[in-house]
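To keep things simple, chains are lettered A, B, C and D as they appear, and every chain counts its residues starting from 1.
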Amino acid sequence: MATFMSLAEAVSSNVFDGDTAAFEGFTHLIPHAAAHEAIRQGRRDLTLVRMTPDIVYDQMIGMGLAKKLIFSYAGNPGVGLLRRLRDAVENGWPHPVEIEEHSHAAMANAYEAGAAGLPCAVFRGYKGTSLAKVNPNIRSIICPFTGEELAAVPSIRPDVTFIHAQKANRRGDVLVEGIIGIQKEAVLAARRAVVTVEEVVEDFAGVHPNACVLPHWTVKAIAVVPGGAHPSYAHGYYARDNRSYLEWDAIAADREAFMAWMKQNVLDKDADVFAGRVAALRAAR
Amino acid sequence: MTGFTSDEMMTIAAARALKNDDVCFVGIGAPSAACNVARLTHAPDITLIYESGTIGTAPDVLPLSIGDGELCETAVTTVSVPEMFRYWLQGGRISVGFLGAAQLDRFGNINTTVIGDYHTPKVRLPGGGGAPEIASSCGEIFITMKQSKRGLVDKIDFFTSFGHGEGGHARERLGLRTKGPTLLITDLAIWKPDPETKEFTVTALHPGVTREAVQETCGWPVRFAPGLVETPAPTALELDTLRALRARTAAAHGGQEVA
Amino acid sequence: MATFMSLAEAVSSNVFDGDTAAFEGFTHLIPHAAAHEAIRQGRRDLTLVRMTPDIVYDQMIGMGLAKKLIFSYAGNPGVGLLRRLRDAVENGWPHPVEIEEHSHAAMANAYEAGAAGLPCAVFRGYKGTSLAKVNPNIRSIICPFTGEELAAVPSIRPDVTFIHAQKANRRGDVLVEGIIGIQKEAVLAARRAVVTVEEVVEDFAGVHPNACVLPHWTVKAIAVVPGGAHPSYAHGYYARDNRSYLEWDAIAADREAFMAWMKQNVLDKDADVFAGRVAALRAAR
Amino acid sequence: MTGFTSDEMMTIAAARALKNDDVCFVGIGAPSAACNVARLTHAPDITLIYESGTIGTAPDVLPLSIGDGELCETAVTTVSVPEMFRYWLQGGRISVGFLGAAQLDRFGNINTTVIGDYHTPKVRLPGGGGAPEIASSCGEIFITMKQSKRGLVDKIDFFTSFGHGEGGHARERLGLRTKGPTLLITDLAIWKPDPETKEFTVTALHPGVTREAVQETCGWPVRFAPGLVETPAPTALELDTLRALRARTAAAHGGQEVA
């Protein structure tokens, strides 16, 4: 049953050292505020899961939260590489990070299988790829009707999933609209789900019957954090802050510049700063 | 070359390869520009699909990411990511997949994962994302990239996406029923796989490009097709369309060009 | 690419003797008009697929169109048994019908696998059931990670799927709203898809970004048949004609009464009658 | 019995078994009435799910089918049927599944498929629908049916849905991790499985019902629990709620009662 609480409380009561944690969002609705709160609370030894780890995962990895990363595309979308992730993988700074790498198709199927309560996902993929040789979690099954060999990967079942969504209603049902990505599956696959939202409304009157709604009893905690997806965007609320993504490349290129930026923009701040960060971007929607 | 850049020629040559009834899975960067130039010129009904779940998009500016808001706002429908990969890509509904590459070999095999050893990489690249299954599930694959000895290599370090393997009937032997790479468009030339060996062979040189320039920026001994032709230069309409698209994009993205 | 045409033309050019055909709808949006047209055109030896064959399948089976039925629940919803189906199965009238029976979970997964281009569906089911013993198309695979035995069934790939939907736009994109059932999967799993719609609109302006829309290039033919789901219903257009379902029980109980009803209401009519059948039911929406 | 029918007692006793925080997969007929009476009396926040895809419905009248329009109109959300069976049922999110039966044995195994041999049936019934996986995936199963020797039988002809098999630890041996049938509510009594043998045992008789009446309408030798009690009679609120619901339903369905 969803309980409304502060983001600090939602993070401290739902993610613990050593957890497998997904902060999901496919370009849209990335839960930056929640990830920053986890950084402030100093979580350690997390297995971080995400199809598209981008700059907020670069920040978590650079700050030493991650023991392992499960992913399918690690980049700064439209810009380039993730320099903190590279530093961890290539140089072990701030400490080595174990990597379990998949394709998007595999990750999407693995979340789907997690939401569906299955131990594994079955799909057609990985043919001729090197990934199938270096990742022991890529296996196969034989179709019992045609004899075709199909790929199999373990389902993803995070201890906790964080997502950002547009709205909750008073009862705690959550509405996600636009590019819905993998969020529904990531929530339903997890033992616990925490949602930050732009706003709380009385009810979803007039919403489309087939809109993506997560009923209140599928969510543990909801925190209201306007702007909580910044510099990602929230369809209907504010635009993507492309400049922040472009600027990240220089910040992340240098360990000291990175640490200084994190202190100034994350460690010394709280979730309330996000509303101000998107003020100018609201007009663009 | 006068009047247009090699990058513009590459994008326009790629756009021309797309047909009006294609359903195209679009990557970011050059593929996105080419697909949208096609849509804005000779292929107005082309269906563009981005892996974020947007089907039938018609963005006015190029997205910076594969999940920008305008892709959804202009789409016929936006589906979840698992649905995108299960029903639309794996379901065999995409006629053309457009890929870029960090490393490419002569048989259209692509590496975007690591330079060096996988476990102790010299450079850790972003990884495959959708590419491994785009390469196997789309009807055919177009590849577009700028030529360099670092990019067009004799042997790739990692098979992120399977092209034609070691050539010949490698795809059939793996049970793949799709065509794989059928076209490579670089800033210098148009390449097509040899029907038998599947080695990429230059079939057209862009205006003003020499055979030597192609060889100097390629890590394997280049084969040129017998009927080698010159790529027609961009038309005024093509060039105007591309430049206007890039100008709108730059304005929308705060003065910065898409990578 | 979707082509607009008459229902008679859509049926004659898309379903052929011996085809595997699905006329899908889960209580809502059942394509009655299309099925009646197939009856009028005298199709034979069809393998009919549907999760919930109800009175329109009773009609097709009673009229001798079906060689085989693949299904998971064959009943007159809320009323009782299907008497024409029983007569075919128990007494071979008008001829014997082969049966391939599954559970809803299996059929839903099999359509999903068909839409996903897979040869089989994998799920957790059929534990301890007799169906697994009498249906050779219920098999199993072993999860390569946990060793758990999971059920497998062949994917469903109809030659042709018929559905009824609320709207098409001028380009031929199709919008399905409300209880969307298995329609999207049934269309995407099929070689050919035919859609009857309540109306054609200029465009879907204002439709929710995540609504269930089938792009025009996934559909072969669209026929405009207002009321074409009657006595089933169309969310936003007209209510379910419960009385017709209740009355069917007596009609189907007797071979002669059945044949007379079919002559009067199907064979001697055409698709245009459906608009009149729902006139009084439009008010109820 | 005076003041209420045995059918009303059955429905109200079933409604009482549901809790406010239950997530309940609802079949048609008696289960639907019971679930909605629960929602309209002591369990206003109960989540009712129908297999047509409607989650969190609050219909004002009972649906004739599991996919009536009002279920969607009052739902929190309506999902596709594959999603319903994969994410919601198989995903282990349903606390209580409510099933009826054509034939039921003492261990809660259900037949709704055929009477007689499967391949040459005496009576071809509708089949399992969602029941086989409802029986295995829901946290626990409540069964409701009217008693008769034709219905409560020594051996069922076909295992449509697995209950406790031959009793004891049969579910664990099959790898099932859910409780299976934990409650049987008939028009005469309330039955619960014996903790060891899993045989349904009468724990309460409805007002005015004798042990003999229960035995006469049951095809196996009935066991009665030591602490046998009487089911509390329907309260005025319960009865008024059920009758008002049925009256609204009859009016909405053109004067005919739900089967």
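FYI, a contact is a pair of C-beta atoms (placed from the backbone, for glycine too) under 8 Å apart; a residue touches a chain by one contact, two chains touch by 3 or more.
What you see is a predicted model; the values in this text were computed from it and never measured.
Contacts with chain A and chain B are shared by C. If you compare A-D with C-D, the chain pair joined by more contacting C-beta pairs is C-D. Chain C has its Cα centroid 40 Å from the Cα centroid of chain B. Rounded to whole angstrom, the centroid-to-centroid distance between chain C and chain D, based on C-alpha atoms, equals 28 Å.
Residue positions 72, 78, 86, 90, 137 of chain D each touch two or more of the other chains.
Contacts with at least two other chains are made by residues 112, 116-118, 123-124, 148, 178, 180, 184-185, 209-212, 235 of chain A. Pairs of chains meeting the touch criterion: A-B, A-C, A-D, B-C, C-D. Chain C meets chain A in the complex at residues 116-120, 122-124, 137, 139-146, 148, 150, 152, 154, 177-178, 180, 207-212, 235. The touching residues of chain D, counted against chain C in their complex, run 28-29, 51-54, 63-69, 71-72, 78, 80-82, 84-86, 89-90, 113, 118-119, 121-133, 136-137, 158-162, 165, 170-171, 174-176, 253-254, 256, 258-259.
Across the complex, chain A is touched by residues 21, 23, 47, 55-56, 72-73, 75-79, 86-87, 90-93, 137 of chain D.
Chain contact summary for the complex, chain A toward chain B: residues 26-28, 51-52, 71-75, 77-82, 85-86, 89-90, 101, 103-105, 108-109, 111-112, 123-131, 134, 148-149, 178-182, 184-185, 212, 233, 235, 239-240, 242-243, 245-246, 285. Every residue of chain C that touches chain B in the complex is listed here, in rising order: 1, 112, 115-118, 173, 184-185, 188, 209-213, 215, 217-218.
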